[in-house]
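Got some structures for you, see below.
The two complexes that follow have chain A in common; it is paired with chain B in the first and with chain C in the second.
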Partner chain A sequence: MAERASSQLLPEQAGAAGGLDATEAVSRTRLVARRFVRRRPAVAGLVSLALLFAVAYLGPFVIPWQYDQLDTNAFLSPPSAVHWFGTTQTGFDVFALTMRGLQKSLIVGLLGAVMSTALAAIVGAFSGYLGGTLNTVLLTIIDLLLVLPSFLIIAILSPLFRDHTWLVFVFLLAAFQWMVTARIVRGLTLSLKEREFVTAARFMGVPTWQIIARHILPNMASFLIIDATINVSSLILAEVGLSFFGFGVQPPDVSLGTLIGDNAGAALSYPWEFYFPSGFLVALILAINLVGDGLRDALDPNAVFQGRR
Partner chain B sequence: MTQVNERASGADDSEPLLDVRDLSVSFASEAGVVSAVRSVSYRLRRGEVLGIVGESGSGKSVSSLAVMGLLPPHAKVSGSVRFNGEELLGRSDRELSAIRGSKISMVFQDPLSALTPVYTIGDQLAEAILVHQDVGKDAARRRVIELLTLVGIPNPEQRATAFPHEFSGGMRQRVMIAMVMANNPDVIIADEPTTALDVTIQAQILDVLQTARRATGASLILITHDLGVIAGVADRVAVMYAGKLVELGAVDDVFYRPRMPYTLGLLGSLPRLDDDERRPLTPIEGQPPSLVALPPGCPFVPRCPLRIAKCSEVEPTLDALPRSGAGHSAACHRSGEVEERGLTSSDVFGVTPTPTAPGASQPRAQRATMLEVRDLVKEYPLTKGALFRRRVGTVQAVSGVSFDIRAGETLALVGESGCGKTTTIMEILNLVQPTAGTIVVLGRDTARMSPAQRFAIRRDLQVVFQDPLASLDPRLPIGDILAEPLATHGASAEACTRRARELLELVGLRPEHANRYPAQFSGGQRQRVGIARALALEPKLLVLDEPVSALDVSIRAGVINLLERLKVELSLSYLFVAHDLSVVRHLADRVAVMYLGKIVELGDVGEVFRRPAHPYTQALLSAIPRPDPQIERRRRRIVLGGDPPSPADPPSGCRFRTRCPKYAQELDDEQRRRCVAELPPLEARTGSDDHVDACHYAAVVPVL
Partner chain C sequence: MTAFLLRRLAYLTVLVGVATVVAYFLAATQLNPRSRYEGRNPPPPPAAVDAILDELNLNDKTPVVERFAKWAGGVLRGDLGRTIDSGSVNTEINRRIWVSLRLMLLGSILGTLLGVAAGAYGAIRQYRLSDHLITVSSFVVLAMPTVVLAVLVKNAGIGLNDLLGFTGDWKLLYTTGEITPGMDALSLGGLSNRLAHLVLPTFVLMSGSIAFYSRYQRSAMLDVLGSDFLRTAQAKGLTRPQALVKHALRTALIPMATFFAYQFALLFVGATFTERIFGWHGMGELFVESITKSDVNTVAGVTLLVAVLVLVAGFLSDLVYAALDPRVRV
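Presenting the complex of A and B:
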């Protein structure tokens, strides 16, 4: 179609491959970023989350106290210039403890969420794509895990990993978190599997694992990102809940849960012991949920454009 | 189709029923303000049929939705719409509701989503009547039955109590038309009323629309992208491009004497059913402009071979053409010149001569067989129950199909939706043993293939899908998409990149575009990427699943020309599945017509189209609307009654007999018994060895 009889009419047009360059589309990442930024609460959440991270990891370097260091000159002292958040009955610095707890909660939440979403994605995608016996087996496992009371089981198992690293605890938390996501991933896979680009890859002879890794999972990335974000907050809450009752993170290590649990009784008499860790927990969960909401709205292609920029 | 042409000619002085002036619609979007409709003006006279043609995104639907006041609240509408002298724009939704449905009614494209699934058809129709008329429930009921009879629904009393999902697509569209007729409207707006339907059903619906128009005396605005439909039905035609009317005039003026280069190109780019020789198509290069931030000047400039400097500066207005018929106007600075010199589409857009294959001269029997399908059967189980699935029956989607493809040949598989053509090609592409019968690809039987052999055969057998947007992974840049088959079959990363660039050039795209994503391309360009991917491994046989039916008309011709060129350059063979017979006529060497899982006629494409022997082929050919008003007015359509039967319960004997006009009208009882009892075999009955059909009483009836 290069040699056209009419080209003498308009020779300079011969090379024009269409108006592609004139209508450069906005890239998807930029579009999502733009939509996200437009939502004030989401931005506020993201900023708070960044600040919490910074405080949790940089805070301990600023103050002279460590979380496991006693100040024998100050027992149960209220917040002051020396001990910003006051001290506990045994003389631990509450700021140092809270920062340590915050670090632990952030790590548990992030690590656990990544693990649970990854597991859900793999199980859901394979079960949906391959179907058959594998699907039946995996679905049975999912259903079984869904009816088990996770809190009770972790509580019962907690003596077993008392002497091991807290990572085991994260594994356990994640192991009870992925099932619902896996079912949704399976459903999404079933519909993606029928899409022509997957069929096309199959007719090219692309192996199954590669189809899942290249075509199926990336196409549900928005769902997985949102799911992981929401998982972070529910995992943090699960960890806090277990630690509150003494089944989670074990002393001498601390988490926000153990701090809140240990100091709940002091909420009225020595409020700094209780309200600082609780306040950070609330702020953290709120920030993550705001970011999750913002991401969901920004990634959802069906969100109506409001006309604001 | 008989009384179409009592045209309201020269009634310019009479008060127009609908007077649209300077109608503009814009939407705010992420990318900026989209000017969907820009200063559109037209008048609709009483009893007139106005056809609005345009490609997707040309603003044809939006302009009519604006007339109906059905646009979402964030649309900005300006201008004037007068109905019977009354202004409609700016009225409240409540006031408009009194007019909508009673004075102006609309038929939508998708009849399934236009009907509420939880109410019966009768209740929905009665509602439409009761809202606007002060009649009793019994009277409304009687009117419902009357309307359903009018639009040709069998057993209307009984069917009125049925739910929308119990109706087929064609029947639902009839119900929609009945609903539109319910209040005797003055204007009916039909927005792509037949696009979602098969051709034989389309012919029925166009007839029903004419009935509706005659019964109510309404004017009709018919919106479509199909020039063939317009040619047969419309009195006047409006052509839209980039939100603007670019040509307006009587149907004969626009079709025989188009004066705007876009209209010229549109008509020249259509493959024609009645071409004896392969007439090269004249594609319009490029793509429609984005409606965001349109540059000044004519929006067609980047694609127009006739453009001059003035075109990029001043946007031409829709001006009357002095030498043409009354009311013919075009929006082009050079339309006077086009008129004077009588330019045709090939003068303006130029012609690429159709290449011919070097091996084509060799007799068919001597060429190598690329694909051989013998008595292919594919069954699907019908199951019931959620927990314990039990088999309650079998659907035979394909029941005994045989054909072969020789080197350098294009075989087209045509038929309506549900006839089993897609199942057939999926069986071939899956490369596994079918329910029954054999598939031999490049000399290898799929039933006796090892996984390694199957993988090797995939190199030589590739596919191009219908919808290029669905068949390209939206998350991968096209360079990666093109590299995927290569990498899978063991090419190095460097070789992949080099080949990807080569392929892009081969299909007429720029190699620099390799790092762009599919969403950044237009439909036609995406389909070129799809074709490039299929060609990556240098296959010998390409399966084309409706490769152009999802594309806009002006882009279609370019892709068809590309497929023709590639076939010769790379000596490919095509298995081509389509429902559009004009494209088949253009692209195929041989054609197999399928009906309900069986081939009913097979032969050389020219022979089958000129001398169709099976009544179904004849009906199919006659149902295709052609973009030629005179032919459309003259000819008689063979309208098939009813819908295709379910493949779960096919009729005994000849499967076509339930809809066969020959069975219904020409045969006597003795002959009919044979149709009921005996399945007609596929054999040569017309004197030509290469032309077989499956009808006991086959007789050649030329319909073109």
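Presenting the complex of A and C:
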């Protein structure tokens, strides 16, 4: 839901800005970008997200240690000039581990969010547009997946991806994330499909999949973008939860979740092992949430803004 | 209307059934209870292992359909089967569900109330210092996984104990379990001991709810604050606080009804991480242990319970909605 700026102020301000002249024609992209930039927390979120990306991928090149490389001269050493974030009990460099985990969390979140939103868009749009038996079947599947406890199912299936790539894990995470969005997409499709431009396309003989791809989905692009952003942070948190219990990313690979899970008990005696990965995780989620909030306000056509649009 | 409700109920029951079947088959085919005996030294004779597994209805040499039929027959009589330690799943769930409930009840009630209050207050004081404080802290809490928050709170508790000189057996705040072993649960000391165990985990659960609800309540309240009926209420003579509580808050609570109802489902099973960090033996622990111990019957039993709870919550949310919003009532 949109956060409104104090709407009582608006009429006077619009008048002060010069009536109709103030609202010169701007493209939607520029309008959205301008609205986004005006939100300072959102911009801060975007900047920190970019920084986190840079640190995650460039950081490992700056230090001489690899995430799977042992320093047999330093076990459990506190942060120092050699090991910026200290080392673990077996002599792994915590900075290298954290950066590796950060990379994994970023990929899991982004990939999973794209998968889940795409799945939701396709299922929701087809089920809403075609209706009939397909609609009934898809809605039943959605209900069923909502009832199944996702944590339990993914945990049971974790031996499956133990020997395979973590992509299976991301796919499973996404497979339990799309249902609510699909329902909303279906609702939006139901109202869009009665609009003139869609009926016109249908009467001209445009095939169904093209109508959905060109007319239905682009008209809910804002909603899908916002949904994908929210999904990124919830998927990263889901990954952390599962990895905490050992059902997620499997060793020797690391993620922020496995690091936090392995070191939660050591937080008091060897704080660097726990607080560095946790700190990066919290910063990451915070940045994504801020960007998501900013996007929601910028993309919402009903949001009321102070001053010029 | 009754016919519709009955049809809906039948559909939901079928859904619960299918979910349980899916969970049973997944667990029975993916988990391997036999591995529990294979690693032992000296290895037990295979015939003995088979006999034990047969007894527990967990033998992977029996076709999975046959095992399921036996389990499902038990479920229809209200018996969820045997755990891998040859206990009863019913007893296990019965014992643990109250532990979880005790942990969750206080945390979620306080969390919901304070969250709604904080959100509404933030909306009324929009862009003032207090609003900014509430917004910033809820953003930070929402960015924290429960695991991290729980560890932080636990260590803060230990730090506070040390700081105030509670280093002996008797502590101000306890960080492990629900009661000090050997304490008489019904005595006055036992009760205060329980309370001292409850404070920190409740705080963790509460913070999460407060952050979540305050965000939603704030934007729901902001939508209502600009509305005409609120101005009308004041125009007919209500004071601002009266109008805010009677008209604004009540209207803004409607979209939250769904969340309240689903909170009910979470009451019994929602504290997995908090239970782990603070060493409570509740449903969340059972959840995780049943998988690590390849305990097929418990996995299926817990799934059944969760599915029923989610559906009851869905039903509940419809009811609450109808109670709060006259437009829904037909």
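In this section, the second predicted complex is superposed on the first by the 283 of 309 C-alpha atoms of A that agree within 3 Å, B and C clash if a C-alpha of one lies under 4 Å from a C-alpha of the other, contacts with A are read in each partner's own complex, and residues count from 1 in each chain.
Everything that follows uses one rule, which is that a residue touches a chain if its C-beta (ideal position, glycine included) is under 8 Å from a C-beta of that chain, and two chains touch if they have at least 3 such contacts.
In this text the structure is predicted, and so the values were computed from the model without any measurement.
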Touching partner for A:A221 - first (chain B), second (chain C), both, neither: first
Contacts of A:R34 with chain B and chain C, given as first, second, both or neither: first
First (chain B), second (chain C), both or neither touched by A:A200: first
Residues of chain A that lie at the interface with chain B and also at the interface with chain C: 1, 3-4, 6-7
Of chain A, residues touching chain C in the complex: 1-4, 6-8, 140, 143-144, 146-149, 151-153, 155-157, 159-160, 233, 237, 240-241, 244-247, 260-261, 264, 267-268, 274, 278, 281-283, 285-286, 289-290
Chain C - residues contacting chain A, complex: 15-16, 18-19, 22-23, 26-27, 30-31, 126-127, 139-140, 142-148, 151, 155, 158, 216, 218-220, 222-223, 226, 269, 272-273, 276-277, 287-288, 291-292, 299, 302-303, 306-307, 310-311
Chain A residues within the chain B interface of the complex: 1, 3-7, 9-10, 13, 16-20, 22-28, 31, 34-35, 195-197, 199-201, 203-207, 210, 214-215, 218-219, 221, 305, 307
Contact footprint of chain A on chain B as seen in their complex: 28-31, 74, 283, 285-287, 289-290, 292, 302, 305-307, 346-352, 429, 454-455, 458-459, 461-463, 465-467, 470-476, 484-485, 488-489, 508-510, 513, 517, 519-522, 525, 533, 537, 558, 561-562, 565
